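Read through the structures below before going on.
You will see chain A twice below: alongside chain B first, and alongside chain C after that.
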Partner chain A sequence: MEREGWKIKLLIFAVSALVLLFIAYPLLKVFSSCTASGFIHFFKAPYFMRPFFNSCCLGAGVATVGTIVGFVLAYAVERAKVPFFRVFDLIGTIPVIAPPFIVAISSIMLFGRNGFVVRRFLEGHEFFSVYGFWGLLITETLAYFPTAFLVLKGTLSAIHPTFEEASRSMGAGRARTFWKITAPLCLPGILSSFLLLFIESLADFGNPIILSGGYQVLSVQAYLQITAVYDMGGGAVMAIMLLLPSLIAYVVQKYIVGQRSFVTVAGKVPRSTRKSGKTTILCLELFCLLLVAVILLCYGMILIGAFVRLWGVDYSFVFDNFIKGLQMGSQYIWGSMILAGVSAPITGILGIIIAYLVTRKKFLGRKVLEFTSMLAFAVPGTVIGIGYIMAFNEPHWFMPWALQGTFWIILFLFVFRNMPVGLQAATAGLAQIDVTIEEAARTLGAGNFILFKKIIFPLLAPAFFSGLIYSFVRAMTQISAVIFVVSGKWNLFTVFLLGLVENGELSIAAAMSVVLVVIVLLMMGFLKFVIHRWQVKQMVKAAW
Partner chain B sequence: MTITKYFLSLIFFLLYLPGIFASESLHLVTSLDPLEAQEYISAFEKDTGIDVEWIRLSAGEALARLKSERKNPSQDVWFGAPINEFMAAKRDGLLVPYRSPSTDKIPLKWKDKDYYYTGIYFGAIVFITRVGIDPPLSWNDLLKPEYKGEIVVSYPYTAGTGYEILVGLISIFGEERALEYYSKLNRQIRRYTKSGGSPIIEVGLGEANVGIVFDQDALRKGIARGFPLNITYPKDGVPYEIGCVAAIANGNKKPAGKFIDWIVSLRAQNIMQKWYRIPLNPSAEINKDSTPISSLNLVKMDFEKAGRERERIINKWRERVGK
Partner chain C sequence: MYLQLNNISKRFTDRGGNEVSVVKDFDLSVDRGEFICLVGPSGCGKTTVLRMIAGLESPNAGNIILDGTEITNLPPEKREMAVVFQHYALFPHMNVYGNVAFGLNVRRLPKKDIEAKVKEILESVGLDGFEQRAPNELSGGQQQRVALARALVIHPKVLLCDEPLSNLDAALRVQMRSEIKSIQRRLNLTTVYVTHDEDEARFLADRTIEMKSVTK
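Take a look at the complex of A and B:
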């Protein structure tokens, strides 16, 4: 490869500087704010240790239940192909686009002491308190099982059916084949889904901020420690303790999976011809229907709650909640839409640029750039938020303005937190594009800009657009990191929703959740439409 | 190659732009509910023509934010939080004195003698009970077995209400006995909430039977909205708050002063009764559902200590109660 021009070098320098400033620096700031005495205080004080243990227990619970639910659903959809499996496949992805605490709100409406289910069917007798371990376990499982579902669907589809065929041919029954062949081969998928759910539950902020009244968890307590006690050092220690279990889980998972070989596929996987047993299919079908019923109940409750005058007292049908909510929250809604709209394209472009640099260019610190870029996605939002508030509170020599309280800090937070997904998509896309195409273009005299515009971008367009959609949705629905950096002028929809729930405006909160989901769906539809138009145009061009 | 240029200029644009638009409007932080705050702010904007950019933070959060932004405050005026928070802020040098003919109307006992902050409304701590449940009448009643696991109260370290309750208990029992009392009360508590008004909702929705809150919140967020609640004033001593307003040090003092003048004026003080607050301007009206100050057995609140030793008191509470 030829030596890079100074302009590319400058670009590498600029991108690295940005990544260091907006990802590495805030995280370092968190680490450097921890002191030995801070850790000692943490381990000695029950009001720090209890939330820590609570978080770990909850994480393990959510990971276990979520993985089981995800596995059964994935098996039903991918292997058993139960009736209506396409519907179940779709249902499994609904929670991904929902705002973080929509399930928390509906679980209060359903399972609260005065909730729909408890009041109607249990005669006011609650078996568990929603505002505690069980409530959190249920809401987080419903919110995060799709991750397990997607991971395990991938794992199951990659297992070569000949192994199962062989087992059956040699006389093993269905159950024996499942336990001896299918389940062990799924182990890596099961472990990584367990790990992902554990991390997601630990990092979850939206559900516990509403439901953890009786069961303190670390992410919320770290937030309170910073914003209410103003103990930055203590908050930083809690942030590190929030990271630690995830790191340990990650190492353990690597160790277990790294020990054995699970490779069954070389090339394309054929369809299995064997059918599951009738009872198995029936059980799976029932399970899927139950799951769908629970999900529909949760989201349906939000829809019903949106039209109720005063949840808990007066259940007459009104439309006021939408009008009131839109009036009260117009500033927040616009804030979110503007920030999401501005950050999404920047996020997408930055993802492609970094992907291009780390895959196509050779330079010192390439691996570090790649790793650091992924970091903002991997650490819990609370940790990033704490880092941002610590790093950008006051002006520095390299940053002449205090970003705290401005539009920019939210924008940067969105860009750098959401960029890794676009980056990964673009890296995967670039790996599929042969370098010879670029070399051919160069031979024909294209400069970097032309190369980017005519070759790289069109080929990476799917990756770019998926990054774009993802970052828009995330920007609309995120709360854990941004809650630290919102201000009077720039506030967000999710923060507004949280305020509504705290003030007991459950009906307005439900109405606004509906509005948020509609905005997200409309925007996704719009982007999909634009992409489609663009692709058609490209095809017409190509045909000419 | 132009892409590099575009990219670099974009970076510089992003880094330097925030300083170019520094607006002249009033930046206000309030600890009142957004809906209520909006009413005063809109009226103020209409009366004075000054544009207000505001944010709602609970009292503790607001104080923390002011501390963290000490050198470069994003706010000019702090409005609608309990007096002890203002005392702490004054001691930390976060406020700047402001005196005007209009603040002189407020009786001396409701404001700072050095004009750092001025009281604008009064609020009393009360028990709320779901209709059909026997209400507790005194602080010791709360320890009765019938209320076990049924009481909801806000954290002293996240909510002004929660801290005011703790301060009230210390003022009634003395510090040691108050903490002893609270660790017994802790066993009765169903859960703590982050914000001071949340217990009303919990009791209103039937999630718990008893809450400890401010009366104006109980009236407005509870009873006026149709939740089936009763209010009782603890007979062995009613803790109370004085809601204040103050200009923030290093903030924009001119619009801040205008706001303070306006909020103690009769026009603004008469809005308060609509929100069940008891205004401190002696000529302002009081809502007929509110209980006048004179008829309450008020605790002798040690606001000075509450503001000065907030951190110590709260840490001690956390050690003892473990929350």
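Take a look at the complex of A and C:
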């Protein structure tokens, strides 16, 4: 390794300082706001302990059911290749781009007190309440099973079919092969998916704030403790009790389960032509159809609800919901679009810079920088939000402005919270680029700036754009962290949506959900188009 | 002396955390226009010496002097040398023209001059008409010619080659080495060339330096 120039050293210093200030410092602030008496209070008072147990129970439930659903769907799509598997593959990933509580809204429309099913078929009798554990379990499972699906699809596709073929040739039947060979080989993927879903459920804020009813969960209670009771210390204790299980699950997933992969084959895995048994295929097909029906029902409800005068009462077709919603919410919608638009490119570039520094440079604290940057992925949004209001509501010597209530606090929150995905994509991309390519550019006279602009960045463009798309979508759809830092001046679309649901304006909420999804889809389409143009231009011109 | 290495030493830390000495008290003097081959078994540090001349590694001790100026701590982009790598290291997102023009673009030459120089050098390595091809559309021999053209076009003070022919088949290797030799003669290029093939070294070099592994 050659010695680093002062510019690189300065960059390392600046990036580390930013990561410390906007990720580590708010978290430390949460920890330092807790007192021993606060904790004692927490463990003694049932209204503190109850949400903790509820959150963990719900998390375990969602993780279990979500992993099962994800596995069955992944097996049907990846191994059994049931009829229409391509459709199921696509449908299975739809909830990823949806706002967090879209399923909650549609389940209220169906099963709420004024819900379609409850009114029409049950004559007002709620045979079970969507408000509470079961409602939350179903909505969160529907919202988060795609994570399990994607993880397990990857696991299944990496398992060499020859293992299964060997088992069959030695006389084991289909069922025996599945239980003795395929399932055990999937175990790391299954555990991984379980832990990721547990983290996601624990962190979920949008669904429980709408649906939890009497079943209190930690993320919502911590929010109420701060915004309604004005008890910062109590909120901080709850945030930490929320953070600990998530962090443990994250560390176990990343450093223990993640390392225990059985996948040993590199390169392309041949496709097995052996089919599953007829009964198996039939069962899988039915399961997939049922799942797709439920998902389409959820999203269909939103679409229908958007054009209905007053849900539960007057089902005549109108366009008013859009007009009213857009009038009421224009400030929120613009706020979200501006902040998402500004933060997404910054997030993407920062992800690439950090990935480059931690993979290509050697410096003190490299591992710390990497870990801290990825940390935002594991920390529930509620905890980050609480950390941000505690850290930035007054000026410090190192931060001479109070950021609370400004554009900047939301921007920084978006950038540092959404960065890990771009960072991971860029790290994977850099692993594919031979170091000699950079060395060739250096010896031909390229300094750091040209190296980055002409070599690194163009080669990492796919990673950059996937980080960009992800952070734009996340910025448009997330709520748990930003709800703490929005203000009268800078407010966001999801907060507006939540307000509509809380005021019972279900039809307008549905219309605005449609608008949100359309904005996200348009933006994704636009970015895909830009990427395509970019790649064509790269090759046609001499790239200068 | 045009290029001089005085008492160069280089140590690396291996995976176990032990210091390993790769090059120890190495001296080298190269005249202007001279073709030097560094030969020796793998692991003897010849590539490391080349990388230290290029500025891709910093020596732990000793100094490097080019044309009367000390360059030991100069970053690679300021040394005006060019390296031809074993695996070519062509920029995969640029076509042949973009690859060859890269060093000239960095030096902000006028567009006309760049076009003329690229055309001339591509002709001399026998690749005229290939400007719009992407690197992955070329054969190994063609890729190596592009890498050579990319290095030559900037008129480097020293041309550094790190086993540039080892990935080519035998027949092509013989053909390419005569081409390299004739171009080097024509341009009177100072060249340091690393190889483990003694035949190749004998054919190419004005002077061959045999390196041995540092005894532990």
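General remarks:
In this section, the second predicted complex is superposed on the first by the 514 of 544 C-alpha atoms of A that agree within 3 Å, B and C clash if a C-alpha of one lies under 4 Å from a C-alpha of the other, contacts with A are read in each partner's own complex, and residues count from 1 in each chain.
By definition in this document, contacts are C-beta pairs under 8 Å (C-beta built on N, C-alpha and C of every residue); 3 or more make two chains touch, one makes a residue touch a chain.
Note that the structure is predicted; figures quoted are calculated from it, not measured.
After superposition onto chain A, partners chain B and chain C are found to sit side by side with no clash. Look at A:Gly312: by the touch rule set out above, it reaches chain B but stays clear of chain C.
A count of residues in chain A touched by chain B and by chain C gives the higher number to B. When both complexes are overlaid on chain A, the residue A:Gly171 reaches neither chain B nor chain C.
Contacts of A:Tyr47 after superposition on the shared chain: chain B is touched, whereas chain C is not.
Once chain A of one complex is fitted onto chain A of the other, the partner contacts of A:Pro458 are limited to chain C, with no touch recorded for chain B.
In the superposition on chain A, A:Asn114 makes contact with chain B only, while chain C stays out of contact range. Contacts of A:Gly447 after superposition on the shared chain: both chain B and chain C are touched. Once the two complexes are laid over each other on the shared chain, residue contacts for A:Glu439 go to chain C alone; chain B is not touched. Our angle of interest has its tip at the CA centre of chain A and reaches the CA centres of chain B and chain C; in the overlay it is 140°, to the nearest 10. Following the chain A superposition, chain B and chain C show a smallest Cα-Cα distance of 12 angstrom.
Taken together, the two structures place residues 5, 447 of chain A in contact with chain B in one case and with chain C in the other.
Those residues of chain A that touch chain C in the complex are listed here as 1-3, 5, 434, 436-437, 439-447, 450, 454-455, 458-459, 538-539, 541-544.
Those residues of chain C that touch chain A in the shared complex are 54-58, 73, 75-77, 79-83, 85-87, 89-95, 97-98, 101-103, 105-107, 134, 147, 150-151, 154, 160. Of all the residues in chain A, the ones that touch chain B in their complex are 5, 7-8, 10-11, 14, 18, 45-47, 50, 108, 112-114, 131-132, 209, 213-214, 216, 224, 226-230, 310-314, 328, 353, 389, 393-395, 399-408, 411, 447-449, 452, 487-489, 491, 499, 502-504, 506.
Remark: chain B residues 1-4, 7-8, 11, 14-19, 27-29, 33-35, 38, 53-56, 58, 60-61, 63-65, 67-69, 71-72, 74-75, 152, 155, 157-158, 190-195, 197-198, 200-201, 204-208, 221, 225-228, 314, 318-319, 322-323 touch chain A in the complex.
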